[in-house]
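Chain IDs A, B, C, D and E follow the sequence of writing; residue 1 opens each chain.
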Amino acid sequence: MRKNITIEEAAQEVQGRSQAQETLRRLLKNKGAIIGMVFLVLLVAATIASTFIYDYDTDIVGLSTEIFQGPSLEHWFGTDQTGRDIFARVIYGARYSLAISIGSVAIGLVIGMILGALAGFYGGVIDQIVMRSNDILYSIPNIMIAVVIVSLLGTSTVNLLLALSISSATGFTRITRAQVMTIRGEEYIESAYAMGLPTWKIILKHIIPNCLSPIIVQITLRIGSTIISASSLSFLGVGVPSPTPEWGAMLSDGRGYIRSSGWMCMFPGLAIMLTVLALNLLGDGLRDALDPKLKK
Amino acid sequence: MIRYIIKRLLLMIPTLLVTSLLIFWAMDLAGGDPVQQILPENATVEQQEALRESMGLNDPFLTRYFRYVGGIITGDMGTSWKSGLDVFDTFMGRLPKTLLLGGTALIFACLISIPLGVYTAIHQNSWKDTAGMVFALFGVSMPNFWLGLMFILLFSLKLGWLPSGGTGGIEYLIMPAATVGLSLAALLTRTTRSAMLDVIRQDYMTTAKAKGASRNRVIYQHGLRNAMIPIVTAIGMQFSFVMTGSVLAETVFAWPGIGRLIVDAINKRDTPTVTGSIILCCVMMALINLATDIVYAFCDPRIKAQYSNKR
Amino acid sequence: ACGGDSGSSGDSGSTGTSSAGEEGSVPGVKKDLIVGTAADINQLNPMLQNDQANNNCLVMTHQRLVSLDNETNEKNPQLATSWEWTDDNHLVFHLVENATFSTGEPLTADDVVFTYEMAMSDDPTLSAVSGTLGLVESVEALDTYTVQFTTTQYSNELLDTLMGVPMSIQSKAAWEDESNEEPWLVGSGQYVFSEWKEGEYAKFVRNENYWGDDPGMADEIIFKPLLEASQRVIALQNGEIDVCIDPPATELEYLEEDENITVHTQPGTRLFYLGFNCEKEPFNNEKLRQAVSCAIDKDYIIEVVLGGRGKPQTSILNRGVWSFLDDNEIEGYTYDLDRAKELMAEAGYPDGGLTVNLYAATDDPYKTIAPIIQANLQQIGITVNIQSFDQATLKTECQAGNQDMFLWRWNVITRLDETYRELYYTGYPTNYHHLADSYVDEMTDKILVEKDADVRMQESQELQQYMAEIVPQVPLYVPDLVIAYNKNLQGTYLFGGGNHVWSHAYVALESAE
Amino acid sequence: MADEKKIILEVQNLTKYFDTPKGKLHAVDGVSFQIEEGKTLGVVGESGCGKSTTGRTLLKLTEPTSGKIIFDGEDITRYNRSRMRALRTKMQMIFQDPFSSLDPRQSIMQLISEPIKEHKLLSRKEEIEKRTLELMDIVGLARRFVNSYPHELDGGRRQRIGIARALAVNPKLIVCDEPVSALDVSIQAQILNLLKQLQRDMGLTYVFITHDLSVVKYFSDDIAVMYLGQMVEKAPSDEIFANPAHPYTQSLLSAIPLPIVGKEKPERKLIKGEVTSPVNLPDQCRFLKRCDACMEDCAHRPNPQLTEISPDHFVACHMVADKYGA
Amino acid sequence: MADNVLEIKDLVVHYETDDGCVEAVNGLSISIGRERTLGLVGETGAGKTTTALSILNLVPNPPGVIKSGEILVEGKNVLQMSEKELESMRGNDVAMIFQDPMTALNPVMTVGSQIAESIQLHQNVDAKEAMEKAKEMLRTVGISDSRAGDYPHQFSGGMKQRVIIAIALACQPNLLIADEPTTALDVTIQAQVLSLMKDLIVNNHMSMLLITHDLGVVAETCDDVAVVYAGRIVEVGSADDVFNHTRHPYTEGLFDSLPNLRQRGEELVPIKGLMPDPMNLPQGCTFAERCPYATEACRENIPELRHVEGSHYVACDAYRDPSFRLRRNQNG
């Protein structure tokens, strides 16, 4: 156990491992995160593959006479009220859940990071305005905001995306602001000023990159919770409209048949749960990997 | 402290004005001609026009808005286009139901999550911790309306133990509250655990141990009281989650609370109900936030001091 | 199916789980009758309300001059013993002489006149139905028990209008009593409004001052909104409710298996249809409408939506209405893909390539039908964008004419004119088809005033045939009227159209228990 | 005369107030001094007395509230950010905490080359790399660490990076804000040696901020003692240790625990009370409340000013001033 | 021997982390006589805090594991005590003061109740009496008892440290372990606190283990000194032995690094290099790598503590050669 190596050699061993590499190394040690990543990769692969396997018009939204068939070898997850294969729809539908949540998180991220960075960096009036309005949005349950927006603008995927990105944005604004405020007070920012770097370079090169860790964690967790929000909205009838094989919409469809055809509810729900679980596992893994407290 | 509370209450006014303006504006944009809803389909154009005029719908936006705000000040939030009932009364009539559901869920969640969170934290990295965390992870990953549906499938349809929806005795409350409560419990377990883990690493915990305090005393007297601060924050933040959860649980279990009131009203374009209810919701949330902050101050004297300092 | 505690009493207890069956004041009759409905009531002022949930209550609490017989579709006397057109402009009613309101006060010609004058008012806070009384000039009391209507012209349908729930006779005294904040609740029916907990239940109690010889049996009738259909079914099976309105097709088998439950099925009347906007591109093209009609597989829709419990039809009238033409008597554009493609070509779209919108409400069954239509039309090259709205918005949108196609329903079973005029008459506000066809208008007017029944029958059937040819709408199906209830339910009467009358229904207690 | 010393930095009446919720915080309150080129001015004082703020204000990292800063003959007090940026090549700073003063996401190469690139001192990549390695040699950092990240190194090495960064632009003046207080004695000695050697080799001028009097005595030519934002005593290093005049300086010196056993030690002179908060200060002697030696009328007299009691030895104390009969 | 309040023999403590095993304490032995003050000096990471925590059996587990050794407090082995015995020992027989007064007090409890808690835990008194005693303790450490109801955030650093001392001394323990009690304080406050501690210890006839890296503080406060390097004692003896008759090269290095002994401008003589990474300690003498006197033999054998004279011991194999002298002692 006790190897006879000098300090110099020891240092050389760890030489040149950036924080990102360090994080990755720790992430790869985390079983949960690996499971999560593998699941997500498989899911993405499956949904891409489903594009080639199935024909949207006939297999995904088309009609068939094999209605309400329970799970079988032929229809793994059974069929629904218009005879569509639920397995096909679940696999194919992954793209909607993923795209909507990733999309809205991305929009929310951009808006939230900009607002949060401005508020956190400049403080004062900007901070007040941003944070007050953020508080307002924050105090109304997200789902209400989303329901209002979607039902006002009409039920469509784009509106859903918009509605969901608002709640993402509030979250990201908060976290970015808090991060920026912490980082702004760090000595290396002052050091950068002392080196003569202009403000914009400092924000870009030093503040933003150092804010990223919790934001990255937040992104994964957000995508997960947004999948749930999106499906909740579809379930309430204000999300993605019905024939689209979005998981929440499928659940909403299946709800009426829960007794006779429980599988119609079961599988889309399981799909949501497992995907979110995978994202949460990954998020938790990332959090642990990035957490400076555990670094010691 | 009292001054702080008063200041916060006063601060709510502009916030609510802005909020109500936004909602009023949004609902205005949405259209939803009340005349269509109030009158039978075959009403004459003259009747429609007369109704519009009498409801003041032909006035400019701001006039209507200020009339509305004026109404609120005198305690009149308008009447529903759909049911003709007073919006405030309707909301208040529904509120106890939601509070009952949300409150039960929250208590249920706290009863599970705080002991579990503490337990997992003090057994960090053991199999007990892992098991607790897997539970919590599943809990947060599950859409709670789906959980509700699965409950119905199991307990109402397969086993016939519990009613599938509606209100009445305690048996009606169990499934909705468990649905909201479980997800919440999962969330709070995670918060409690990480708060507790943070606290466990603190020096004052070692100080307490070094005094000779027993393990339980250290954990509950010193640890939990400090961990309560982030937990209270989390609970405060989760009220909005409770509301969201309630909207869904109310839909799944036909529970007549405010969540469903609002969703139904939105679906029916019942503008006065939507506007009024959302404003009241905001008031409620603001009050809850204030209450959270006050509870906070009792958990943490440093924050109490801050409140007294802020003039 | 029921377990439970018989001991519980009190208000909330009785609304919830009175499955044990407490005896009411009538021997052998369960105290309350609980009806699980698909919608909550919202307005019990007869002249301001406009939906079925309210109607179902008002028919118990209020009465009209004339009523419709559930079984024979005949007009029966209710508050009027007889009536006659004394000439083309005068309709005279002779009233029952011993009728009283629930307050115990007598019901006289003054109340009738008061009611109709209020109905004709243009004040929207009093009446929303003055439009339907357009041809009534005045109403006057000839003596205490005689009322005369003066009209601008003879109408086949005035009586039918007067049978409608909004025309329920209200109490003048109640309205004049300043302290009564809800005077419209006073009626002369078998039941009296007691309590409404919005979203939970509406409770009605037996009218102890009822004047007639057909009093109510149950002490209380409670309407409990359970919006989710499957929930109503479960509630019925658990004994939480005695009646389940509109049980979903998919769960009927469970109900039929349940020995404590009776499932009653009868042919329905409500028509679900796919309407076109006939004024706007592209469906101002008659051939295209016909093509669409040929492309729609009604049987499949019935299978999917109703589990087969419904009938397809071609006539635009509601099934069972006087002069209705069943499918063997009328020719139309029925499901035939080849023909549909030919018609597409004739319409100028040989290769399809057409994109249209379909406006549909967000609730059942529209949200199930819409995708089927989408899939059906895909086969003849029409791409359908489904747009979902709540019902109120849908109506507004359709009135504004933004739709290409829309899904809607219609259920008028007495008045021919109402269907022809309100849905198809040029410029009528509810003419969502935006149809402007002089032949239709002309025939509609004729049918309204034609006194010779045979001629009227022929005219009406010609018009139906014409409609089937120009296809302003594709009639999709009429669902069977299904209702499930406690097997001990007695004395129920069903309106053909699904407007239930519960005033005589009750649950008999099993003697052997 | 030929050996007339060049004054590189002159500060006149420098003030910096912060507005806080509790009131006006006098972080720096009328500080004046000069530094000759190639010399070291040590600044000592208790925590919170405004040492760091003074240092930061000198570099205009915070804007002074009032006063004048003359650097190398230029009055830089009113220079704005962009004009200051050019001056950053001449004046630099070394920070206290080697853990938080280095961006954890940058490698040593990036960290050291950043100022070179920013000021375009060199343009070609190879030149920059070469210069970076050179700087690493100068501060005694083994070249093989060039691609390492700060979190992989110990405090001493990190502090060397901080020094290399400061040196990268060839500054004349370096403000060292407690550069060794976070380090162990053995490492501290290594860094102090390095700084000393750099001063000799490059003719650097230091403002050396610390609370460790033994370090400052060893390191500085002149010493300024600060108390609650003000300078209470300033004198050449040896003079101040030999003849501390201000009661505060006296107690401060006597409070240092000396690592000597068994030999006679100077008597302890404990200061009573706690550090006073620098918010809303009265216009009296600031040491009044904790002073043992103070006279009755100190409470009624205005805040004492620095007076020269012997050549180059300035004290701000009524008692001392009275004694020397200024 | 029985006169020793504390005796640690061959203590080995490791932290078993994901990244590897930190060998924090490797066979450390010290003893403290009655009413004596022992200074434990060493650089960051030498294992001082770990040793202190081991005495109360409070090493955080996981990751810390006490591998072997014996810790005798008043002759009883701490490592074999039951949880109950430990609890009654902690705070009562042995009390501890931690480095950072800012974090060592529970922020949500009044200082009075934090002192009273300690009293109530070990003495059979009710809450009121305990509070009375707590107030008395506050007065003892020079804080007005009217502040017993205040919260820690209302106190300055020096006052907090006084409160911590009050907590530690509340039950008149026999042994006080003070882990860098003044490092976080200003010099002037440090002087106040140290003199307060010294007085209290003398008045209460207590023994103290003072952990610090500041040789000045040791010289001011301690009777005996133990120098720890990489988890081992390298030199131990009375203050006079260690300061004036230094034997170990590491101790010498520490003295040489101190700036205030030399003239301004003169080179300091630092110890070269760094402390070895406790995750992979070198074989042999852990200091050999940095030692100016090291020979090949030093890199192979771990030196034993050998007796010099009186109570003075040193762990350096150079003394196998009887003529070996440190440079520091050559001219002195």
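The definition used in the following text is that a contact is a pair of C-beta atoms (placed from the backbone, for glycine too) under 8 Å apart; a residue touches a chain by one contact, two chains touch by 3 or more.
All values derive from a computational prediction rather than experimental measurement.
J.: Quick check on the contact graph: shortest path length from chain A to chain B, in steps?
T.: Minimum number of steps from chain A to chain B: 1.
J.: Could you find the chain whose CA centre sits the greatest distance from that of chain E?
T.: C
J.: For the interfaces B-C and A-D, which has the higher count of C-beta pairs in contact?
T.: Between the chain pairs B-C and A-D, B-C carries more contacts.
J.: Taking each chain's centre as its mean C-alpha position, how far apart are chain A and chain E in Å?
T.: Roughly 50 Å separates the two chain centres.
J.: How big is the gap, in whole Å, between where the Cα atoms of chain D centre and where those of chain E centre?
T.: 32
J.: Compute the distance, rounded to whole Å, between the mean C-alpha positions of chain C and chain D.
T.: So the centre of chain C lies 90 Å away from the centre of chain D.
J.: Give me the residue numbers in chain C that touch at least two other chains, ranges are fine.
T.: Expected reply: 228, 230, 234, 362, 390.
J.: Using the touch definition from the top, which residues of chain E touch two or more other chains?
T.: Within chain E, the residues that touch at least two other chains are 274.
J.: If I count partner chains per residue in chain D, which residues reach a count of at least 2?
T.: Residues of chain D never touch two or more of the other chains.
J.: Could you pull out which chain B residues touch chain E in their complex?
T.: Result: residues 124-125, 202-204, 206-215, 221-222, 225-226, 229, 299-302, 305 of chain B touch chain E.
J.: Under the stated contact criterion, what part of chain E meets chain D in this complex?
T.: Within the complex, chain E contacts chain D at residues 43-44, 156, 158-159, 186-192, 194-195, 213-221, 239-240, 242-244, 253-262, 264-265, 267-272, 274.
J.: Using the touch rule from the top, collect the residues of chain C that touch chain A in their complex.
T.: Contacts found on chain C: 228-230, 233-234, 248, 250-251, 253-254, 297, 300, 303-304, 362-364, 367-368, 370-372, 374-376, 378, 386-390.
J.: Write out the stretch or stretches of chain D touching chain A in their complex.
T.: On the chain D side, the touching residues are 56, 59, 61, 81-82, 84-86, 88-89, 92-93, 95-97, 100-105, 107, 114-115, 118-119, 142, 144-145, 147-149, 151-153, 162, 165, 169.
J.: Applying the document's contact rule, which stretches of chain A touch chain B when the two form their complex?
T.: Of all residues in chain A, those touching chain B are 132-133, 135-136, 138-144, 147-149, 151-152, 224, 228, 231-232, 235-238, 248, 251, 255, 258-259, 262, 265-266, 269, 272-274, 276-277, 280-281, 284, 293.
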